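Each of the next two complexes has chain A plus one more chain, namely chain B in the first and chain C in the second.
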Partner chain A sequence: MSLGLISDLVLVLLVLSLAVWMNIARTAYRAVVGFVAYGLLMTLIWVRLAAMDVAMTEAALGSGLTGILLFGAASRLAPFEAAERARAPGPALRLLIGLLCTVVAAGLGAVVLLLPEPAPTLAPLVAENLSPTGLQNPVTGVLLAHRAVDTLLESVVLLPALIGVWSVAADADWVGRPSALPRPPASEALTLLAQVLPPFGILVAIHLVWIGADEPGGKFQAAAVLAAMWVLVMMAGLRQPPPVVARGWRELLVVGASLFIAIGIAGIWLADAFLAYPEDLAKPLIIAIEVALTGSVAVFLALLLAGPPAGAHRREV
Partner chain B sequence: MNGTTLFGLGAAALVGLGLYGLICQPGALRKILAFNLIGSGIFLLFGVIAKRGGGALAAAGSGSDGDPVPQALVITGLVVAFAGTAIAVALLVRLAETAGRSTLDTDAQDASSLPADANPPGERLP
Partner chain C sequence: MRFALDLFTIVMVSLGGLFFLAGTIGLLRFPDTLTRLHALTKADNLGLGLVVLGLLAQTSSPLGALNLVALWLLALLGGAVVAQFMGAAVRPARWRTGGVSGAREEEGG
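This part shows the complex of A and B:
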């Protein structure tokens, strides 16, 4: 058994025990702590699977931002947990459900063991067709050239998601600011961190989006880092979340997808297809879309975290 | 048995554990966590398939170490999963504030404890 295989086995066992912990933890808060640790270990697994782009997204978004979202919800919902526990299914029913879930997992495991050999892959096709885009990073090439329509839909789907989050606000609260972010007690350490870290975070994000064309990185990773910096500043109380009626922020939200669509439509005349790029302009256009989407996605992620608008009476809570 | 297959089996177990939590946990927030666990297991399956595809490529001497198509899909999936979680959390917090409960049970006992107008202006829990 090689050293690599042993470390993989340890990783899998740790991740599985954290998944068990998320099921058995007594309070949602403890389960969320498990989830954040789980996300960080998943990041290591993605590195082991040679998926650096995914690893960065997992660390920033899957573990970090989702963790903040769930922490905020867990502290707000803590008063209801005693009533929840009374409704848990009995041991016999749990055993039955556990058995059936084991059957599902075993079926999936069998599929993994029976995957065809050699594995079907689109990688050679991507590698062949990467050079016309002028990019070096195949993942960015897939996201913005070969499967650009998926990426476009994904950046557009964030808009209905945010509208959905905002829509749960009561009418009277509509003019308020979002208040769902957890607000830890003010401390000098948090304030200092929120003052010192963001400049570095912004630099990292610029680096990620710039290097994303050729190396692991790109707009989603950069946007998640930017959103995390902004959320840190808001959680430390240095800045308030913007009111949802603020026009400038709303315009920033749609800039990325609008530019993407505009360039996509221009492609009908310039390159004979929607979302196709003229060959000599592919890389500058892709970088322009990446930069605009980074800004929009960062604002989307931060506002999704900040939650629906709430009235002034709730802001002190 | 290599590391990639091991991760694939782990992914299958994660889906099973998430499914168990989704069914057994009475609280909706715990269900959202379980939903994320299932999603994470499915993403990991994609990652395993991407790595296997890259392995074939590396054997052909191309040097790449993963199929970028499933990897790009996973990145898309992570962003959409975050958006879905954000909506679910917003709905749940609002449900708890207005109805005073955080489960999806709708039995008679529960319905009687609901206010007649589930969304009266100004009625919020502390």
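This part shows the complex of A and C:
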């Protein structure tokens, strides 16, 4: 048995047992701890599958930022957990749920195993048509040229998500600042980290956007790193989250998608199709969209984590 | 020269691996959170440092070497901060009041 196969087997076993552990964990908090570790193991699996772009997204978004979101939710749910457990479904219903989940999992497994050999793929087509975009990274090529409309929708969908979060605020709290981020007790170590790490994080984010054209990386990973730095600064208490009525931040939120749409519409005249790029300008336009979207997505992610605005009277509690 | 560099890498990475192993055993066997943290951070910092030191001999460009060293420094920072943070969360209540040194307070009270 080769060394690679052994490490793959260990990874798969770890992921499976962690998944079981998450499901039987007694408190939501424990389950979230398991979920974050699960995300890091999934990252390693994506690396083993040579899907570096997916691995980076999983580490930054799937495990990191989602982890913070779930930790926040778990700590708010903690007071009600005992009461919820008393109302949990009986053994028969739970068995039924387990069976249905198993059927779905088995069905998905069967679909993957029954794929024709070789599996249907558009990869050669992408590789053939990558050169007009001036990019080297096929993932960025697909995201911003071949399937640009999907990416556009993905970046626009963050807006209704944020509106959804903000809309749970009471009218009186509307002028307040978001307050959902966990605020650990003041600690010199955390302050130091929040002061030292952000310059490195910003550098890493710029690097990720820049190499995204040619190597694994890109706007979503970079935006997640930027958002993480900002959230760290807010959690350490060095900066307050901005009030949701602040105009400047709102403009920053929409600038990325607006530029994307503007360039897309310009493509109707310049390249004969919506979201098409003129041949010689493709790469600079794609990079401009990536940079603008990085800024917008970073603010979106950080504000999604920061939660709905709360009035001053609530923040004291 | 090549052989010497490869030998250096093998020795250093193996030493680093040894520290990781020791740290893991410490994590599993030590009695309480503070001593476990001690085992973990010491072993991680030193273990990763030795692995990085070993890999430095395999880099072809100064930029790659700088990358590795930066990686180690960031891991050091992260490990130290997390250890401080968790330590502060679990330290016994009698250490918590006022002074820097826990021992002095114990003498006094």
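Here, the second predicted complex is superposed on the first by the 316 of 317 C-alpha atoms of A that agree within 3 Å, B and C clash if a C-alpha of one lies under 4 Å from a C-alpha of the other, contacts with A are read in each partner's own complex, and residues count from 1 in each chain.
Following the convention adopted for this analysis, a residue touches a chain if its C-beta (ideal position, glycine included) is under 8 Å from a C-beta of that chain, and two chains touch if they have at least 3 such contacts.
Quick caveat, the model's predicted, so the values are computed rather than measured.
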First (chain B), second (chain C), both or neither touched by A:Leu197: second
Touched partner set for A:Ala246, first chain B, second chain C, both or neither: neither
Contacts of A:Val104 with chain B and chain C, given as first, second, both or neither: first
Which superposed partner A:Leu16 touches (first chain B, second chain C, both, neither): first
Superposition-derived comparison: chain B or chain C, residues of chain A touched: B
Touching partner for A:Val175 - first (chain B), second (chain C), both, neither: neither
Touching partner for A:Ala273 - first (chain B), second (chain C), both, neither: neither
Chain B versus chain C as contact partner of A:Val149, first or second or both or neither: neither
Touching partner for A:Ala262 - first (chain B), second (chain C), both, neither: neither
Residue numbers on chain A that touch chain B, as the complex places them: 4-5, 8-9, 12, 15-16, 19-20, 22-23, 28, 31-32, 35, 38, 42, 45-46, 48-51, 53-54, 57-58, 61-62, 65-66, 69-70, 72-74, 76-77, 79-81, 83-89, 94, 97-98, 101-102, 104-109, 111-113, 115, 118-124, 126-127, 138-139, 141-143, 146-147, 150-151, 154, 157-158, 161-162, 164-165, 168, 170-172, 180, 218, 220, 297, 300-301, 304-305, 307-308, 314, 317
Interfacial residue positions of chain A with respect to chain C in the complex: 184-185, 187-190, 192-193, 196-197, 200
Footprint of chain A on chain C - complex, ascending: 70, 74, 77-78, 80-81, 84-85, 88
Residue numbers on chain B that touch chain A, as the complex places them: 1-21, 23-27, 29-30, 32-34, 36-37, 40, 43-45, 47-57, 59-60, 62, 64-69, 71-76, 78-87, 89-94, 96, 100-103, 105, 119, 121-122, 124-126
